[in-house]
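Each structure below is given as structure tokens.
Look at the two complexes coming up: chain A is in both, with chain B in one and chain C in the other.
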Partner chain A sequence: MLTLIKREIEDAIVLVLGAVIFTAIVITVWVSCVYRGMSVLNIGSWPTAAFIFTIICCVMGIWQMRTDRTKKISSFLLTLPVTRRRILIARIITGFLVILLVLVPITITALVLLQRFGPPIPLYKDFFLDIFVATFLMSFACYCIGLHNGWSSGKIASTLGSLLLTLIFLPLVIIKGISPQALVIVSLFIAALLIRTWQKFMTTSL
Partner chain B sequence: MNDDVIKIENLTKFFEGRCVLDGVNLNVPRGCIYGLLGRNGAGKTTIIRILLGLESPTRGKTYLYDSDSANLSAKLKGKIGYVAEAHNLIQNYRVGRLVSLCKSLSSKWNQEFFDHLLQTFRLPMDRKVSQLSTGMRAQLNLALAMARDPELLILDDPTLGLDTVARRQFLELAIDLLQKDGRTILFSSHILSDVERIADRIGILVAGKLVVDCTLEELKNRVKKLRLIFSEQAPQNLHLTEIINQQMQDRELVVTIANYSPQKQAVIDTFKPVTCTEMPMTLEDIFIECTKTEPLPLTVET
Partner chain C sequence: MKSKIKYAVKVFAAGFIVIVLLSIPLFWLRLICQEILGENLPSEAKCINMQPCGLVPPEIENDPNVVYHSAVSVNMNTGALPFYGIINCFIAKPAFNNYFSEKNWSYFDKKLGLIVCAYAPRMNVDGKVTLAKAVTLYVGPDGISETKAQNLGRFVAPIVDTGNIHSASLVLTGYDRGLRCFFAVNLEKRVVTKGPQLSKDDFHKPIQIGRISGILRSEFNWSPPMTEVKDTNEKGDSARERKPVQSKPIINYTYSAGQYELVLDESGQIDLLDKETLVFAGKAGFLPAPQTLYDSKDSVTPKDLLDYDVLPLTLKTDNKYSGCFVKTVSREGTSMALAVFDEKGRMIKCDYTKTQSSSGKTIESSVAFFFFSPAAPVLTITRYLLENLQPPILSMASFVTADSFFAVAGHNALFILPNSFVAMSARRIDRTITAKLFLAMIYIILPSLVLSIWLTCKVARDAAMVGLSDKARFYWKIGTILFGLTAYITYRLTRPSITLVTCENCGKLRRPDMENCHRCGSKWHVPELTAPAWRVVD
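Presenting the complex of A and B:
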């Protein structure tokens, strides 16, 4: 499994590096803003950064699946002692890790900045945790949209379909707010996408 | 567990409404080199892909080591080596990276043998797979499959694109592998002289149907080409069933008969030919005769 995860990371190295650069940019912007005297809570880049990141996650899902189809990667891997189940699990774990790679440092930075420069109100700490969970679930949901649609046969249709679904899905969560109900809906949406992707991946001719 | 490494039961496959495989039944026992023959589009690759779980059947079942092809475990796959027709290697990888990936994913890896193959084939480790010639890709694919020391080797037209020397090297490797106990090879090829050289059992697919399944020796005994000379004009009809091909010129009649038997010879003798000479047939001759006519009059022996 580790070899398969390593292979997935190496293949998507451009996107992994892009995610690292994105994290570095977000942290740098926040730190510099705070040191220039702006309030931690007034930083308007929060939703923008989350939005850009969810799009990156969607593209990553599409990228992984499309590369697999065009380069016939699974077709080759299946001639080795590897099963379809392992290939897909390794792929999903890779996406999961990349999302954490971005969100964990950003959240830690946000918490540190809040503790040092924010108003001493405990409510805000929970608020940040909620944002972390919500952003994680939304990013993962968009990643799953990418995985699901990337396995479809039409290149342009799958890319546009994924982006459209992401653009519809994100405002719904933002308008509805980060309530427990919304998170349950997002979790169910993720589960449905993963089951469908699993079903398609396990039965498609390779 | 029985002794059949490969078991195919009533395998049927449709592609967009077109029947590619039509109720194929086939068993390959342990230690057998099975040559699967057929013209382009006969269904050889489809059978192999279904066996490996890369394609799903419309009807029927296929088993490898008694395990359903649709659910082959990683452990079981470790026993199988596969060389694909189109040499489906990951094109954007360098040879070295591909080798290292295969090595880490394989349960068994014979590095010494692999190094020997690399030297024999002179494969460059630093080049991208897409930059290799078809022949080199075939050699790399074969080396990767052989280094895993497989108990079952499935070769889908492996010598396609290889030059004469490389083809000979490949056949010698296959024979080397067979000398190890219990190794089984399923081998599909268009180069019939190769199949004739190494296969001990033959299957011929015609339009998705397995029309021949027997040993090479038996096939040669069952299909006979006779040259009959008559004292007068040769008869138009020998009143025999299962005539694959017949050519008549004045007093001479050349006839190819399937499922030849002394009874059929007795029927021929009633026409009182002056001479009746058996013409030697290679596997290629038999294959051409068998696939020329449809439906084929040969009966399947299981």
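Presenting the complex of A and C:
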């Protein structure tokens, strides 16, 4: 499994590096703003950054599936003692790790800044953790949309379809906020997308 | 069996994706209709003005020097923006409600069971009032300390007047829902006073103290009676040069309840709490029910209202509480009520948002909102049809749970719609439950039912054609009747995508992956062709 994950990361190295650069930019900008006097609680740019990131996640899902389809990676791997199930799990774990690679350092930075510059109210810490969970779930849901549609035959149709569905889905967080109900809906949505992707990937001829 | 489970899982997963992705655009379309309807509502239907307000004693109000009588006015915000979940997250979070400045904040620490409060004592240095270094205090029901001491006791679920914290007041009044008693915290003297515990048969369930308002925290405009101020420096007689009449209040006042604190009860009643004894001192009023499209219940609770606000008034003439103004906005955000209560909690006046039709007839704003403002009929019908694209089962759930959801939550509802026409009809009080259900089925969700039946016929025909089993077809029919468009889209996404071939026995299309034709039941075996005995020769 580790070899498969390593191979997936190597395939999506551009996106992984992009994620690292994105994280570095966000952290640098935030820290510099806070040191220049901006309140650590001023998280007005969070929705914009989160929106860009979720789109990137969707593109990553499409990228992984399209690369597999065009380069016949799964067809080749299946000649080795590997199952489709393991290939898909490795792919999903890779996406999961890339999302965490971006969100965990940003959240840790936020908590450190909050500890250092924020008001001594512990409720803010919970609030930042809520934001982390919500952003993670939304990003992962968009990644799953990319995975689901990326396996379709048409390149343009799958890309545009995924982006359209992402744009339809993202406002859910505006409508419902980051309430537990909203997170339950997003979690079920992720589960449904993974089931559909799983069935599609397992049954489609390579 | 395994393939049946797989198929069921596939259908449910696809169905959930479809219902989520369909509900979001429908939400935006409904919201656009609602926003335009709100925008088009005449401005006079969005506000209430009362003059005179009724709380000023007649001897002052009718003073011959008074040029403007006392007046109170409130406006209704018809926009839905403040009710988005994401904005609610920031507004409703306790952390954001209780933090006002670096030196002035408070929160309830659940682990400690203590209210942690920071405040900066005021110091008088050379006649100038300055704020000293902020002190953090830990407040429990049994005391107050600068450290987390054990002997402070534990609060269970306190509510504190956040308005007092905001205004840097040194006395906080609160109520603990677990201990069922009021308490007052004097930060300067570092004393906590506990009121008597409410008896078990006491119906009171306080939910807000002091500043009583809903999520919008909208402002009242109150003006006292005014007298004219004569400008002695006025020069020139020309009317164009003359300045507008300047006026000044005839009385002084404060927006407080004087010796009392206002307490809002879960039932919608507003009580007076004596600040000294911390016991109820009487009734201050109640939340008036705004008029709605259909006659709904007369008494409302905070849960039933999109917004509410209470403005207490104390006139400096006698420094006693004079009464209060109470504003409420209906669940749908289409109408508002303004009531004035005197110091004994008796309603003096009550008015509702209304407008005049072109024929001069007075129309309630809730009716004008849907039918009488420009383009309202078209938008109302569009909204009605959009609501009918929701699954019929969810429409019925909206009917059943019409009163169960908080009014604010209803504005960001995706699946069950507490503000839909079907839910509004469920809340009406002038019909029996059977009549309401009948009317809802006949008039309100009829398009939804018709659509569902039409889609069910299509699904049934297609399912027979693609060879789904009788059981599967039955489930699909039930599912489509209950879930309408959502079920139909799900069916199209999950139906077997097999190229059908012509059956040699019946001539209809049959599935090539089945042993028998699903139409006539014949097998694949074709009778062997026997060469005829005759021949065609030249």
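Here is the rule we go by: the second predicted complex is superposed on the first by the 205 of 206 C-alpha atoms of A that agree within 3 Å, B and C clash if a C-alpha of one lies under 4 Å from a C-alpha of the other, contacts with A are read in each partner's own complex, and residues count from 1 in each chain.
Quick note on the criterion: contacts are C-beta pairs under 8 Å (C-beta built on N, C-alpha and C of every residue); 3 or more make two chains touch, one makes a residue touch a chain.
No experiment lies behind these values; they were computed from the predicted model shown.
In the superposition on chain A, A:188 makes contact with chain C only, while chain B stays out of contact range. In the superposition on chain A, contact is made by A:79 with chain B only, not with chain C.
When the two structures are aligned on the shared chain, A:3 is found in touch with chain B, with no touch to chain C.
Shared-chain residue A:160: touches no atom of chain B or chain C. Contacts of A:13 after superposition: neither chain B nor chain C is touched.
Within the superposed three-chain arrangement, the count of touched residues of chain A is higher for C, of the candidates chain B and chain C.
Counting contacts by the rule stated earlier, no residue of chain A appears in both its interface with chain B and its interface with chain C. Against chain A, in their complex, chain B makes its touches with residues 49, 52-56, 72-75, 77-78, 82, 84, 88-92, 101-102, 104-107, 145. Those residues of chain C whose C-beta lies close enough to touch chain A in the complex are 6, 9-10, 12-14, 16-17, 20-21, 24-25, 27-28, 84-89, 93-95, 98-99, 102, 105, 107, 109, 116, 118, 136, 412, 414.
In the complex of the two chains, the chain A residues touching chain C come out as 47, 119-124, 126-127, 130, 165, 168-169, 171-179, 182, 185, 188-189, 191-193, 195-196, 199. Listed in rising order, the residues of chain A touching chain B in the complex are 3-4, 7, 71-73, 75-83, 86, 203, 205-206.
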